[in-house]
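Shared between the two complexes below is chain A, which has chain B as its partner in the first and chain C in the second.
Now for the complex of A and B:
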């Protein structure tokens, strides 16, 4: 019985890993295998030879670097805004008992229930009107809206994990609320807040739909690639795809233990 | 140094009244324990004194200053929390120095005070460490040192020993008493452990259901409880309450006849387990021994008087075996007579 359970457990783990890793691996094969590698069938375990040509050519495509810069601006802004707005909301959820706290928590998640596709047209119109259309700043705003729920909920669980008495002790010994936050809560929450920031960055970095709709020339990397790569040979598309995936995977891997905290799996 | 005046403090949580017009005066330099079962409001009262909890009505006056609406940071108090609340991202030194730094003390004073507080609590060798590397007892000492380093006029302690194991608690209790006696700090100490309250406090305020039911010295609370609740809560084993009938001002306890404070009717005779002399069966109150627990320093006998279960403490060598029936002669002047209906003290028998 125990052995059976272990087998089921291991199978589950392998299946989930394969579900994520196999596509990434195929993308990598396509990116480094050259034109032949993409169409070769059956797939070999390792490519016969590693060709960096596609990757190199891809990086030389006109506009890739500008698009990457736009992505960094949008993701960076999204990260800052998500923390600046999400952390106080998380703190309030963690520390204050107020009427409708649970409803508020639910509403935060509900913001994700609106399909972006429905919001796209009115947003485009408003953005044109206020001059945010076709700028990375407009994209950053939309991405902040996407990342904010997570930022609020993750930081809330971070602050819950910091005993209230630590803050109270700080007040007792002469701190204002704000001083107590800066001297006691913030240092303890900082690693988790940094993780939340990176998570917001990744959300923005990966997002393509809103970015494609809200920009024409000032595209973010994902939106730009979507446009140009649809007319490119397959191995370029794989090169572009891999380049997009890698930063997010590395970032998420680096901060995984803090993200688990959000789901209540572990707090340490 | 300062006295604490708690005046008619009330606290409602919604429809629930947590504190009902509490009035309490703690003299300058006095150590007062707030003792009561969980949910009696003792921690709420302490937190109101600290300003960590809002009050519904009443005043808090410390050292002649009305602090009712003064924010916590300006009340000039120190507090020790139940879970220590030692800052995990600071060294022991920085923890102890925290209050002084917030006061803007200069470096020499910070150094001197931290050194003094650390020596007082015997934690000089831990100053460079982080709290994560300390045991529970050591963290507790850091918390107390942090509180004493600011030389507070008033020290508040919220069940500071309840997270320590029994042996450590005993040791820390004695240390705490010595340290606070020397410092002469006015202290309010919240606890649900009656031994702690008895051992440490100058006076004990016994709380029950949001009220102070008795406020007196430990010996008076122990020996002259004002209600069956106090008698039952303070002391281990709890006080025995034997229901007796009174006729003509005389209470009949088996072969004994004792003067009672009422003329007739039914009263409760509150008698501590150690306030019995063991006599022959027909010379006292008949006591049917059910269980004998030899506890080393004494033996605890549980048995039946009429149809009531009572406990009697006897010297270890004089305990009788289970199943025997003996007589009990209560020490007359230590009997506390209680009203059988309301459970409040009636005054002492002559």
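Now for the complex of A and C:
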């Protein structure tokens, strides 16, 4: 009975792993199979038609590289802005007792109840006025609004985890608050801050709605793929999908150690 | 450093993020309200009337709600089962956990395309069905004429993609529950199911609340995954907002749809905050 239960249990775990991985394998086959691969019938599910040329041809289509580059610019900027604006707030929440701290926390948590990306609708008008419409910089701004609340909460928990005594010791040895932060706190918090930054990058890289309504020619990769959905052949769509998936999967792998610490604390 | 400067410092540190959120969250919110309530600069319910009178309004409202009501509970149940399985796992826990959280990084658009590869006429599902003798040849599932199959395709893609975030929140919550409670219950002869129902689940309430709020708000925003799989054959609220904004060039009606989604999101958040409130005596 016990052996049977263990077999059922192991099968369940492997089945869920397959449920996650096999669909990604299928889109990879679609991306590398070219036109012939997509129309082959019935499919065997074996990688017998893998052609690097199919993916290469997709990357050579006009606009694909530019869109990928725009996505990288928007996501990179979103990452920098979220940390630059969020980390000081996180530090303040972690180190100071002051009036309004709880109000600020509540405000940050409240943003979760709003569909933020949809609120980009009126920004088209304001962005046209100030010249940010149809640029990756405008997209980066609205994506920062999405990532900033997370960045503030996560960095606050990072700073709470670094003993205050270390900082106070540095002050006693003559460091100013800023110097103590730079030389003592920052090195200890850096891996966690990097993980937070990567998380912000992924949020921006994956966002579709705001990116699509704020760009026309300078599309990001998601906006570009959404635009060509109805007019491009299937194997190009699969190639685009795979191109979207690969960087984020790599990034999530890089921050896997922090994933649970981040969410365990973001709960409260 | 003087006392006055020290007491000012936290506010100076918060100010940039507050100003930013005011400019890119509060102002757009107010502008959206304004846009939805005005026509040609005058206060008017015209946008809402046009929205409600639109042919796609009722189907998109119904589709979005049914989708949320099916997808979110399914994700919570699966994530709970997966988190419980993980707790017993000794060997290879890290690698299993990493594989299970991969979809966390997958965008909804990409998830839709992944399932398109499986469910298209000449896709892998149909190949498997043909091998089993269920169908005779390529069969379309994602058209206007097969709404039920199309609906379950979207459900599959959403469950595949977004169960991971619920799992992460629940696993993080489980780590906060002291093992001693379950052990004490075991000493008194409680069965695993009783321990799960009477101890784990009530203590997990704050995490469940977070997961449900986050997932429900995001589920009402569903759009790209639906477009990637079924095009416009399966209208949803945010998709209609997108069409009114881009194709019809009518930001007013798009804003009305956006406000509808805002109100629904807020209502569901308030609902969860009340339904899953942790009583004061149970708070740590």
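What we mean here is this: the second predicted complex is superposed on the first by the 222 of 268 C-alpha atoms of A that agree within 3 Å, B and C clash if a C-alpha of one lies under 4 Å from a C-alpha of the other, contacts with A are read in each partner's own complex, and residues count from 1 in each chain.
In the analysis below, a contact is a pair of C-beta atoms (placed from the backbone, for glycine too) under 8 Å apart; a residue touches a chain by one contact, two chains touch by 3 or more.
Keep in mind that this is a model prediction, so the values were computed, not measured.
A.B. asks: After superposition on the shared chain, which partner residues are touched by A:184: those of chain B (first), chain C (second), both, or neither?
C.D. replies: first
A.B. asks: Could you tell me if A:173 is touching chain B, chain C, both of them or neither one (first, second, both, neither)?
C.D. replies: A:173 contacts chain B only, not chain C.
A.B. asks: Tell me which partner A:19 touches in the superposition: chain B (first), chain C (second), both or neither.
C.D. replies: second
A.B. asks: Who wins on chain A residues touched, chain B or chain C?
C.D. replies: Per-residue touch count on chain A favours C.
A.B. asks: When the two structures are overlaid on chain A, which partner does A:165 contact: first (chain B), second (chain C), both, or neither?
C.D. replies: A:165 sits against chain B, while chain C stays out of touch.
A.B. asks: Quick check for you: in the superposed arrangement, does A:231 touch first (chain B), second (chain C), both or neither?
C.D. replies: neither
A.B. asks: If we overlay the two complexes on their shared chain A, which of chain B and chain C does A:213 touch? Say first, second, both or neither.
C.D. replies: The answer is second: A:213 touches chain C but not chain B.
A.B. asks: With the two complexes superposed on chain A, say which partner A:62 touches: chain B (first), chain C (second), both, or neither.
C.D. replies: After superposition on chain A, A:62 lies in contact with neither partner.
A.B. asks: I'd like to check the shared interface: which positions of chain A are touched by both chain B and chain C across the two complexes?
C.D. replies: Shared contact residues on chain A: 176.
A.B. asks: Across the complex, what residues on chain B touch chain A?
C.D. replies: Its residues touching chain A are 50-52, 71-73, 77-79, 81-83, 85, 87-89, 98-99, 102-103, 146, 150.
A.B. asks: Quick check on the complex: what are the chain A residues that touch chain C?
C.D. replies: Touching chain C from chain A are residues 9, 12-13, 16-17, 19-21, 23-24, 26-27, 29-30, 38-45, 81, 84-86, 88-89, 91-92, 95-96, 98, 100-101, 104, 107, 111-126, 141-142, 144-145, 148-149, 152, 176-177, 202, 205-209, 212-213, 222, 225-226, 229-230, 234, 237-238, 240-242, 244-245, 248-249, 251-253, 256, 259-264, 266-268.
A.B. asks: Chain A touches which residues of chain C in the complex?
C.D. replies: Within the complex, chain C touches chain A at residues 1, 7, 9-11, 13-14, 16-18, 20-21, 24-25, 28-29, 31-32, 34-35, 82, 85, 88-89, 94, 96-110, 112-118, 120, 122-124, 126-127, 130-131, 137-138, 160, 168-169, 171-173, 175-176, 206-207, 210, 213-214, 217, 220-221, 223-224, 227-228, 231, 238, 241-242, 245-246, 251, 254-255, 258, 261-262, 265-266, 269.
A.B. asks: In their complex, what parts of chain A are in touch with chain B?
C.D. replies: It is residues 163, 165-166, 168-176, 179, 184, 187-188 of chain A that touch chain B.
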